[in-house]
Each structure stands twice: as structure tokens, then as C-alpha cells.
Amino acid sequence: MMDKIKYFAAAGLATLAASPAFALEAPAPTAPAMAAAEAATTIAKGDTAFMIIATVLVMLMIVPGLALFYGGLARTKNMASVLTQVLGVACLAMIIWVTYGYSMAFGDTGNAFIADFGKVFLKGVTADSGAATFSDGVEIPEYIFIAFQMTFAAITAGLVVGGTMERAKFSTMMVFTAIWLTIVYFPIAHMVWATGGLIFDWGALDFAGGTVVHINAGVSALVGCLILGKRIGYPKEPMPPHSLTMTLIGTGLLWVGWFGFNGGSELEADGVASLAVLNTFVATASGVLFWMLGEKVTGHKGSLLGGCSGAIAGLVAVTPAAGNSGPFGAILIGAAAALVCFWFVTMLKPKLGLDDTADVFGIHGIGGIVGSLGTAFTMMPAIGGPGDADYNAIAQLIIQAKAVGVAIVWAAVGAAIAWFIAKLVTGGRVSEEKERDGLDLSEHGERAYNY
Amino acid sequence: MKLIIAIVKPFKLDEVVEALTGVGVQGLTVTEAKGFGRQKGHTEVYRGAEYSTSFVPKVRIETVVDDAVAPKAVEAISAAAKTDAIGDGKIFTIDVSSALRIRTGETDDTAL
Amino acid sequence: MMDKIKYFAAAGLATLAASPAFALEAPAPTAPAMAAAEAATTIAKGDTAFMIIATVLVMLMIVPGLALFYGGLARTKNMASVLTQVLGVACLAMIIWVTYGYSMAFGDTGNAFIADFGKVFLKGVTADSGAATFSDGVEIPEYIFIAFQMTFAAITAGLVVGGTMERAKFSTMMVFTAIWLTIVYFPIAHMVWATGGLIFDWGALDFAGGTVVHINAGVSALVGCLILGKRIGYPKEPMPPHSLTMTLIGTGLLWVGWFGFNGGSELEADGVASLAVLNTFVATASGVLFWMLGEKVTGHKGSLLGGCSGAIAGLVAVTPAAGNSGPFGAILIGAAAALVCFWFVTMLKPKLGLDDTADVFGIHGIGGIVGSLGTAFTMMPAIGGPGDADYNAIAQLIIQAKAVGVAIVWAAVGAAIAWFIAKLVTGGRVSEEKERDGLDLSEHGERAYNY
Amino acid sequence: MMDKIKYFAAAGLATLAASPAFALEAPAPTAPAMAAAEAATTIAKGDTAFMIIATVLVMLMIVPGLALFYGGLARTKNMASVLTQVLGVACLAMIIWVTYGYSMAFGDTGNAFIADFGKVFLKGVTADSGAATFSDGVEIPEYIFIAFQMTFAAITAGLVVGGTMERAKFSTMMVFTAIWLTIVYFPIAHMVWATGGLIFDWGALDFAGGTVVHINAGVSALVGCLILGKRIGYPKEPMPPHSLTMTLIGTGLLWVGWFGFNGGSELEADGVASLAVLNTFVATASGVLFWMLGEKVTGHKGSLLGGCSGAIAGLVAVTPAAGNSGPFGAILIGAAAALVCFWFVTMLKPKLGLDDTADVFGIHGIGGIVGSLGTAFTMMPAIGGPGDADYNAIAQLIIQAKAVGVAIVWAAVGAAIAWFIAKLVTGGRVSEEKERDGLDLSEHGERAYNY
Amino acid sequence: MKLIIAIVKPFKLDEVVEALTGVGVQGLTVTEAKGFGRQKGHTEVYRGAEYSTSFVPKVRIETVVDDAVAPKAVEAISAAAKTDAIGDGKIFTIDVSSALRIRTGETDDTAL
Amino acid sequence: MKLIIAIVKPFKLDEVVEALTGVGVQGLTVTEAKGFGRQKGHTEVYRGAEYSTSFVPKVRIETVVDDAVAPKAVEAISAAAKTDAIGDGKIFTIDVSSALRIRTGETDDTAL
């Protein structure tokens, strides 16, 4: 389950390995005698209601949220292709998750890198199974924990699409997703979120998935765009976003859904979830304003795309910090992420000649790194963070840096393998003529718009 | 008969049409166009990628008129479309050898 | 209230008529002595929170969800017309529901086909009135039960629009809706969901409305498109969807909202609701992938519209099965519905020469039938369903088939009457010239887009 | 906190000043001894879940909801500008709110017009702080109360954008927002919602913010459009909405989010919140139908834009009445608001020559006035309202009228000052050439669409 | 060679193209246009603001043909586009001095 | 003066404009068009309904130039737009009888 390491970290890292109230590994049906259909009485209704809706909100982030955010950035002729890729990989991730992904990440036994295959096909889970939260004696139905975590796997797979869109084949993305989930996502999720997981045991702070989701997706997309190569005409030919309106809708829906993503990672409807929600507001607002400020200061006009980009940068950065920060720590981390991502995307990237179509690495990767490292500081009580008086930010920073390092290396190597196999099996990218005509017609035989 | 093609600024369309009807023109056809000329286009920046387009939005008006009406029509368009700013546009005149109104089968001058 | 017949069915059909804990018929204010304004103490806050949000989610399905899904499929010149029709009939349905619809469907007394008119204008309902759930002693405010059920009536009316759009007059749709709700929807809702209702008493499984909503809407739309006739130019003239982007947004919002539709049908935030949510994820994902697979296998390109269509087919099919299935039953039923609907819509329909504009019958009707019949199988413990060890799938299949049959016949006859009267009163479809110019200008005097 | 004056009003206005269970002024950490991290036990999980989601729903109203509603009404060349302005001012409002806005409105001490600055930077608030609800002994986390109220400030700032869009500079809107929140919004919020606030103490009925949000925004926008002047070409040149599709999406999302706005104002997931939700459905449905009826009766075609406008008019009017009305009172108030706003916008406004671009005053201002005054009547038990048998509608109407009057005057004067300063500092509106080219290119250097 | 410009109702496009290929025309170019003429446009009302547009949607077809084919082409378009209702459109014929097929460099009649 | 109308593939637009400015052309007007010719369109399938469109997207460039410049302009367009694949497009040349720059009132050659 989500690590609420903050409390334990504050209490002394030595006790960590033993204490986490992380009972999910053995979610014994909490009332095995109750053969009747109603959920067991220890299931908290308020938390269950909260987690169901949080799960629904993450779905809103994927389709239509993320699909529109990316789709708006594409050219008209590739719109349907982008939408189909996000939809397709997310659906595939869901099926794989209930088949063996949940078991690999959160199975009952396991080592530092992976759980087991005891829960393949969700064996043994019923409507009465409970999953522990961070409070003793409080459980939520295991089915909703499975669903909530499933949406995380699905959106992370969807995020990768942004790096290679407008040239990667649909079939390439599907094959890549299946391999990549298995060798990259499930292990990293286990390492970070499961008791006994490598990074979990280090005591790294990652409230809602800065490493598992964002750094992971950013790095994997970067590897993909290097392996598949640039779009024809890039960077000479103009490739402006075909609809900033769609990108704005996507931004709004991502923001809205992110409250479920970050708030739901608390697993309970309580004060910490409320704090995570408030932080998710202000870090994002800060990201929007500071990206536009960055544009202004560097002699450009503040732009809508800048505001949207800043929003995502702020959201990404506050993800590991959501419950591990006070509101002003969140504002700072949002501002920092926006400025660093702005610098990377508008100044460094053109020099590197990267064609990361939707800047998945530039915003999710870089923003995730800023957020993960920054969380070591937002915890400090001096800036309103929830850390104890003797909280040691530097010690924590080292742990965070190690976690980031492991995530980057694992994702880079694993993604390279996955991209390589996917390219071998499916060809990787469409032919030049098909790319020129647009992937909508050539890959899907349809147009996104027929005005 | 003459075909008059006028390329003008979009917000002048209504005034030009009014002016043309004023000199007796009864029909015309308009298409949206992008113009390239002395007037410079805009610079757009998307996440650091700068695109300077050399095109500006224009409307392209074409109308076929009687030889007699042609000079008056050119005059009318010119007066209505003028803002004295760069990019006001151009008017070209071309000979037309025949015209036909589909509905009635009328030809040439009576077809306009 | 929603039938949770599954438990009773498992316990033996004989006891059915007597046992359902369906107290809604007499939702006595649960604490009549408490004149104070706060809600009575037996109202569960967690469940109330859940049901309020579930209701909101169903609204998201209607406008903008369904409106965009259908609108995207229309031609540009009819976009505003489609949006207005969905909005208009949904609003009308809401007003009618609180006026006499709720009473007709869920009034205190009644026979096998209809309740009574004792609650017209919601007489006697206050903020303290409770409505029973499926657990003894657990209630939710009656107002939210009314609102939740109201959204079901509204979306079902909205679904019908898809069959006759691009030619039916706005006034025709409004008159049709008023009549059709009264003689078709309210009776079927009573028959299926109210104690004493014909189909309820048979013990049919319908978790969230496969018969009442989908089969009903599908058949009624089919009758409408037969009575009003084909669009001018169909099928010779190309009529591609004007914006698959809108259809994708609609699909996403329908999916997101459907969690409220299916999950909320449990009336409580518990393990069964969690299961219903998980099933609603995976059946849909399965529908998306299998429709696209169907396209591939039959020699076409996998398409975005195919993916969206498969999503809806999966959602429709899992509706009766949501809490009556394990996740793998849901995957199977989603796949089956996608393939059958794909076959119907792309192969059979062209031969039949039907002009069911948005394939309401082809997807909601056919998908609803596959789902309703399939639920007899998803209950089987052998494929992870919640049925008891002695659950008899064949016996249940017969009940399901009877329920489907009644729904089809009742909807067909009732809808024919309603269409006939509506056509008589309003003229039915616009003139040829108006149809050619587009209904946006001719019916509403506006354009959806002025670029 | 939201006034639930209805109960007290019924019990006799004399007792008002003393009795409100409005403990927010001193939200003592409810379990100061519990240094452990989990939230204090008196926090109700169900209510917390509800309030978190209600807060998220209000965010949905702002971006993408309101942004799209307004954006669709603009011309293509100003689309990105409108979206950016709504996004930008909302973000700014959020940062200001946590910095000093919350303290100004809801600080611990204060007079009739303003609280204090004791909670600047949310000093003293932790994840354990509770905020009282209207029920004794029931609390929600203070963080979520802060976030919920924050979204109200943000959307009100966003609403003002509609009056001056297509000509006001982005910088003007930002400067205006900062000043206006400080001298207009925070004081009015305090006056209406805080114990000891001027209008609160009068016993005015305002369930969810008819005065604070809608009248306030409407009047402030009107002042802005008078000070900045008309758009070039208005009213001679046609300026049809560039995308009614976007306006419909915005309408739908506003409606959906408004359930959080109105329902959440109850602060608890109970029967009154359920009633508020039901009323928010039917008043809106009524608004849609009656605006279109108004068009029909005056010889026009019922239009989609009319339906959307009616929806907003209904939503605005039911805001103060949401928990202070029965469903049929809500239908009446929705109808009345739609017809009055229809008359104002289509008949009176053209004569006045106002260029209130998105009719913020015409719909939010006028609709808010109709709603605030109408709430005096919807309370009457005779039409199903929750008022006591001895409820005096005329006495209440006078109170309502006074509240409306104060809101109008305060907003008009304060907004005039804020607009004046903003204009002085930033120039107010763009140059003629820039306006003609569109604000997207001239202010933001981008296009909303590149088809 | 002649350039034939035909302005017709949009839903007639497919029939016109079919008719033209029937008389041996092998290429043409189509643009979307707004027409102004005897046929009146629509009135739109947005929240009380009435806009009567005098324009109606049209398609503009242009094809360059052999002198010999020109009359037949005009004939074919005229027959296919006719609905006998106002707004059926116009056909104009203009002299072309030269033509070139870019791919092959062929010129004039062989380029068509 | 000559009016040169070139129908070319959309992604070649920038190169064509560059080539034209290279030979001294100072203004031109572009419209989006759909072409019908030897190059075949695409097949689209929507829920089983197959639409084979015979049209392909093209841009239509028109520029009025001095008689002297005309052959060079045709040459430049042709070189820039050529991909040797079917559908590269056509260039037509037509006589223009007069031209006018609206802003200044200059006429004919000086107006271009």
C-alpha cells in the first residue's frame, strides 16, 4: 500500500522495517464466518466511498483527461491515433493487472523486487476481502484497493505514449506496454509500495507515486523517443498543437482527477487526505503561475500552453509530497518544478535535439525528480511540513536520491528492453508516407474530424 | 465579361460586399485564404518551439461582371477595403469567355 | 430499489417473493420524533456520501457524456440539434420524474406492472425520510434515492435520441419522451426493480438496469428509426462522424459516470460496490480490445470509433452483471458483447438497411441482451461469480430470457404507440430542405461552430 | 461557515445571533493530546469523504467547466485568451486564499465586515484541526473546509472574466483579481458566512452563495465592461459563439460540479445535502426548458445556447435556495430565473447597449437576485419548503432584499476601485490592432486551433 | 485550354464529379466557398443577437480542359448540379495559356 | 501579367513559397483545396460504413506576376513541388488584364 513512511521516518528510521501497518500482504477475509453477502463490519463505509470515488477520478485522468492533453498537442492528422493509443494501452494494462500484475506487485509473499504469483486471476479475493489502511483496524474492500492500484498502472502506461506519438505504431505501443508493465512497472511498484520492497524499506517518501509513476514514465518515454527516432520534419517543420482547447480540457481533467490520485493514496477520508487535496490545489496553481512567469521573464508572452504545462509540472512534483508537506511547501515545490521543467523543455531540450513529442520526460521525468528530491525539504517543520522537530532533511534527501536513482536506472534498462522487443516484433514506426499522411488514416482508417 | 479577384482583409468582407452590391453586382463567391506579401505574419511559441508564419489570414472574393461594370466594381472594392495599412490586398481582373446560370440555362451577361 | 436478487436466487427461488429487504415502499421517516432539522441517526453518512456522488456521476454521463458521444457521430450541421435533443429530453424526464414518475415506479402500493400515484409531487417526502438499502437497518435519505433513480430515467430517455437523430424534430422528441416515460419506462422500472414487480418477483438478475435502461432504450430507438424512416442520402451518401474527438470524450465520460451507475446500484459503499466498480473497469477494457480485435480479424484496421463502440458495448453488457460476476466473468461478458455488437453493427445492419444513426439498438439493445443473458453465466462460481455452489445457471438463464422477452415486447409496443402519437402531433421529421441544410439552422437557428 | 439559518429563522430570529453552532472561529485541534498522525476520532469519515469530493467538483466547474463555457462563447481568435484568463485568475485566487484570504474571511476574531489576520499562511492549522459543521459534535478536517471555500473564491474570480473577455488584457485581469478579492470578495464572504458577519447576523438565507458568488460576480463584471468599454464592432459586427459544443460541455460540467457547490455547502452527507442535490437537478432542468419556452413564445426557435443559458440561470437561482426549498419550489425558482434572465439578456440588454460579453451580469447577477429574493418564498411550507408553520415570507423577503442591496453596493463600489487601479497599472484593454488580430496571438503568441 | 469554374451546392459535388469524369475530365480541384447571390442565407440568433448572413455554403470546382471538351464539361456540370431551385450556381469559362504536370514535366493538353 | 495557379501537395507549401521568392515573386495567396486526379484518396471505415473518398488534400497557390517572371515562376514551383510521385500537381497560367494594389492605388506591374 502507499507508504505513509512519514510517520515512521519521523519516529526513527531504525524501526521502519518492522513497524509499517501494511497488512495488505495478508488481507485475510475479515469476517470469514459471514457467508452472507454484505461486507464485513470492519470495513469503513466513509473510506470505501472515498476510495471508490478516488478510483473513478483516476480513470477521469486517463480517458478523457490524458488522451485529450496529448491529443491536443498532436497535429490534426494524428489526433485519432493519439486517442486510440492512450485508450488501448490503458485497457490492456487493466486486463494485465487483474491477470497477474496485482499479484506481482502486491502478492502475499515476495522479495525486495517482486511479490509472487499467488493471486493471479485475483485468486481468493471476494467482496468480503479487506485491505488494510494506515490505521489499525480500519480496512477497505480489497476489490477497491485492486481497482485503485489498477488505475495507477493504466495511467503510467498511458503517459509513455506521449513520447513517441505521431510516429509509433499502435501495435508497437501495445506490445511495448505488455512487456514494460511486467518488467518495469510491477517491480518498481513493489519496490516502492510493498512492505519488504527495496525502496519502501529504505524509508523513501513517495506519497502517491513520484517515482513509480512519473519518473518511471518519463524515463521510459525518453528511451522510446531515442529508439524510434524523431518525427519527419522535426524540428524544421512547424508542428504546433492542433487544439490547445483540447489540451486545456485535458489539463483540467487531469487536475480534477489528480485529487483522487493524491488524496486516495491516503486510503482514508481524513485530515491527511484533506491536506493532500489542498496541496494538490496550491502546488498546481503555483506551477501555472510560475511557468507563465518564466515565459515572461525570458522575454516571451505568457501562454496557455505554458500555463497548462506548469499545471502538470506542479501536479507531478506535488505527487510524492502531497501528504508530506504543508501548503507552502507545496507552493514552493510547484514553483520549483515549473521553473526547472520550463528551463528543460524550452532551453535545454532544443539543444539536445530530443523529439519527446509531448515532453513526457521534460515534465513528468524532470518534474518527478524535482518533486521526489524536494519532498525531503517539504517535510521540514520549518516550512510547515509534517516532519517531527528532529526531522533530518539531508539524511532524507540521500534516501530520496537513491530512490530516484534506482527508478531511473531500472526504468531506462527495462524500457530499452521492452522497446527493443516491441520494435523487433512490430516494426516500431510507420512508413514515411504513412507518417506524412497522418496516422489517423494510415493506422486506423479514419479521421478525427470531418467538418 | 470580367472575373475580378480581390484579396482583402477578413474584417472588411461585409463592407466590400455592400460596396459591390452598391454598384450593381448581384453575385459573388468568397473563399478563405492565407496571404503572403509585404505584411508580415505572427510569431507563435509553443513550449519553446518558435514558428514565424509568413502568412496572414485573407478572404478571396471573386465576382464575374459585365465589362461595363468592371471598373466600377474594382473602384468600389478598393474604396471599401482600404485601411491605408500594409496588407490591404490586391485586385486582379481577368477576361471571361462565357458564363452560365445552372438553374435557368441563361448564358453570359444575363447569367450574372 | 435495485434487486439484489442474487443472494435470494442463490438461497432458493421459492423464498423470493417474501424475503427481499425492500423497504422503500414504506420509507417511514426513520425518526419521526426528531423535529430538529438534522438527518435521522440511522442514515449512514458514508453511504449517503457515496450515493450523492454516484448520482452526480450519472449526470456526467448524460450531459456532457452522452450528448458528446452522439454529437460526435453526427454531421457538423446537426451537432447543436443532437446536443439540444439530449439536453432537452433529459430535463423533461427530470421534471416528469419528480411530478409523477417516482410515484408510478416506486410508490407505496401497486401491482405487478405499476405502483401508485400516492407520491405525486413527492408528497410526504422530507429531508428526514429514509430509503432502505439491502442491509437491514441501513438507510439512505429518500431524496438521494429519488435523485439517483431520476438520473436513470433521464439517461434512458436520452439514449433513445441516438436512433432518430439528424432527422427527428425537437418537438417530436419531447412529446415522445413524455408519453414513452409514462407507458414504457415507469412500468418496466417497476416490474424489474420494485417488490411485487413482475420481473422482480421472477428473480431475474439485473444489477443496474440491463433491461430497464439498455434493452428498453435500444428497442425504442429501433422502433423510432423504423417509423421515422432513413436520413436522406442514407446509405449512399457518406455520413462520417464529424468529430471522433467528441465521441472519445463522450466515451470517457460515460465510462467514468458508469461507475456511479453500476456502483451506486448497490446503494452502499461496500465490497459489492467495489466489485461492481472493478467489473465496470475490466469489462469495458475487454470490450475496447475485442472490438478492435474483431476489426483486425475481419481485415480492417483497428479504429478509435471501434474502440469507443467496444467500450460502450462492454459497459452495457456489464450493467446487469456488475455485482453478479467476478472480474473474469466481466472480462468474458465484455468481450462477448463487443464481438456480437461488432458483428451486428458492421455486418448484419447494412443488410437490414436500418438507419439507427448512433446504433442505439445495435449496441445498447444487442449489448443489453448479451449482458442480461450472460449474467446467468457470470454468476457461476466456476468462473469466479458470486453464485452459491448449487447455483443453477440454466434455470437462471430461462428467467433471464423471460425478462428480456418481456422488456423487448413491452418496449416495442409502447414505443410504437409513443412514436405514433408524437409523429401525429408534431410531424415527426423535418422537411427535406431543412434536413439538407442541417437541423442546427432549421430547428434551432444557430450553428454549433463558427470558426 | 455556510449559514443554515433556515432552522434558526424558523425558530425565531431573535435567538439568531447567539445560537449558530458555528465553531469554525475557534477550531481547536479536537484531540490535542493525540500527537500521533491519524486524524482525530470526532472527524466523521463519511462527511470528510463527501466534502473532499464536493471540493473536487467545484474545481471541475472552474477548469475545464467555466473556461469552456466562456471560451465557447468567444470568437476563435480569442479562445486561448479566455481559457488563460479563467485559469490564471483562479490560480492566483488559490494562492491568495491560503496566504491571507482564509484568515480575512474566516479568521478567529473579527467584526461585521472582516475577520482578522491571525491565520495568514494558515498558521496553526494541521491535519488534526477540525472545523465544525452544523451538527453538534460533528467536524470535518479544517484543511478540507479551507480547500472547499478556496474553490468558491477561485470560481467567483473566474466568473468576472466573462464580462470583459475579448478585450481586457491578461495582466489587467490578474491585477484586478488580487485587489478585488481583497476588498470585495473576502469581506462579503465574511459578512454572509461568518458568525458575527453583518448579513449572517440579519438571518439572510443563502445556502451556497447567491450573494457572495453570483450577485457579486455579476455586478463586478458589469462594472468592468462599463469601465473598459465595448468590443470593437459591437454590436454591429456579428460575433457568434465560435463553438456551442464547448459551451455545452462547459454547461454540463458546471451542472455536474454545482452538485458539489450546493450539496457541499451543507458540509455533511445527509438528507439536507440530498435535498440540495435534488433541487439542483430540477431547478436546472426547469431553467433549460423555460428559457427555450421563452424563445418559442417570443417567436424564435428554441436554441441550444438558450438551453445552456437557462441551465446556468436555474443553477444560479437555486444556489441560495438549494437546502431552503422543496423540489417544486426549486422548479419554480429555476423557471422564474430563466424567464427573467431571458428577458434581460435578449430584450433589455440590447437597448442598454451593454457589452457584457458572456452575460455575467445578465445571468449571474440577475439570476442571483431572483434566487436570493425567491428563497424567501421557496422556504414556505405551502410550496413544499422546509420553513416552519409560522414562517413569515414577507419578513424574510425584506432581509433578503437588504442582503442583496448590500452585496450590490459593496460589489459595485469595490469593483470600480479594483478595475480603476488595474486599468491604471496595466492599461486595461489591448490596442485596436491587437483586438482585431485576436488576443490569442497578440497577448499569448499562440492559436487555440491549428487545423 | 479552358479553365472552367463552377460554383455549386455542396451536396451536388459527388454527382458533378461523376458527370465530369463521364465526359473525359481527368482532374479537378475543389475548394469550399461561401456564395452571395439571389439565394438568401440564414438568420441565426444567439442570446438575442440576430445575425442574418447573406452567405450560403457552396463548393467551387475548377478544372482545366481541352478546348474541345469545354462545352461538354459545362453541359455535364450543368445537368448534374441542377435542382431547379434558386442558388444552383454558376459556371464560368476562362482561357488558359499554358498548363504543366509537375511530376512529368508534360505541358498543355497532355498535362491535363 | 499572368496569373499562375499551382495545385501542390500541402507539405510542399513552404518550399514552393521559398522557391517563388527566390525568383522575385513578392506576393501570393494560398487556399486549401481537395484534389481529384490520378492520385487515389483514402478509404475510411466507420462502424462498418466504408467511404472511399476520391479526393486528396492539396494547397492551391495563386500568384500574379509580370509576363517576364512567369516562366521562371512556373519553373521554380515545378522544381520545388516535385517528388516524382503521383499527385504532385499542376500549374496553370492565365492572362490577367489588370491589377491594383488597394493600399496605394498603384496598378498593373507596379501593383504586384
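As written, the chain order gives the labels A, B, C, D, E and F, with residue 1 at the start of each chain.
We adopt the following convention: contacts are C-beta pairs under 8 Å (C-beta built on N, C-alpha and C of every residue); 3 or more make two chains touch, one makes a residue touch a chain.
Each chain and its UniProt protein: A, C, D = Ammonium transporter; B, E, F = Nitrogen regulatory protein P-II.
Computed from a predicted structure; not experimentally measured.
Counting steps between touching chains, the shortest path from chain B to chain C takes 2.
Counting hops only between chains that touch, chain B reaches chain D in a minimum of 1. Comparing each option in A-F, D-E or C-F with B-D by residue number, the pair that reproduces over half of the contacts is A-F. One inter-chain figure worth recording: chain E and chain F are separated by 17 Å, centre to centre, where each centre is the mean of the chain's CA atoms. Chain geometry summary: the mean Cα position of chain A and that of chain B are 53 Å apart. With centres taken as mean Cα positions, chain E sits 48 Å from chain C. Distance between chain centres (mean CA atoms), chain A to chain C: 33 Å.
Of all residues in chain F, those touching 2 or more other chains are 31, 44-46, 94-95, listed in ascending order.
Along chain D, residues 44-47, 49-50, 53, 240-241, 243, 249, 300-301, 303, 305, 445-447, 449 each make contact with two or more other chains.
Touching chain pairs in this entry, ordered by label, are A-B, A-C, A-D, A-F, B-D, B-E, B-F, C-D, C-E, C-F, D-E, E-F. Against chain A, the residues of chain C that register as touching in their complex are 4, 6-7, 44-47, 49-50, 53, 57, 75-76, 134-135, 240-245, 248-249, 251-253, 255-256, 259-260, 263, 268-275, 277-278, 281-282, 284-286, 288-289, 292, 300-305, 307-308, 311, 323, 326-328, 331, 384, 386, 449. On chain E, the positions that touch chain C within their shared complex are 11, 14, 42-46. Listed in rising order, the residues of chain B touching chain F in the complex are 2, 5, 7-8, 31-38, 54-55, 58, 60, 74, 77-78, 81-95.
Contact residues of chain C toward chain D in the complex are 36-40, 43-53, 55-56, 59-60, 62-65, 67-68, 71, 79-81, 83-84, 87-88, 90-92, 94-95, 98, 121-122, 126-129, 140-144, 146-147, 150-151, 170, 243, 246, 249, 443-451.
Chain A makes touch with chain F in their complex at residues 233, 237, 436-437, 441, 445-447.
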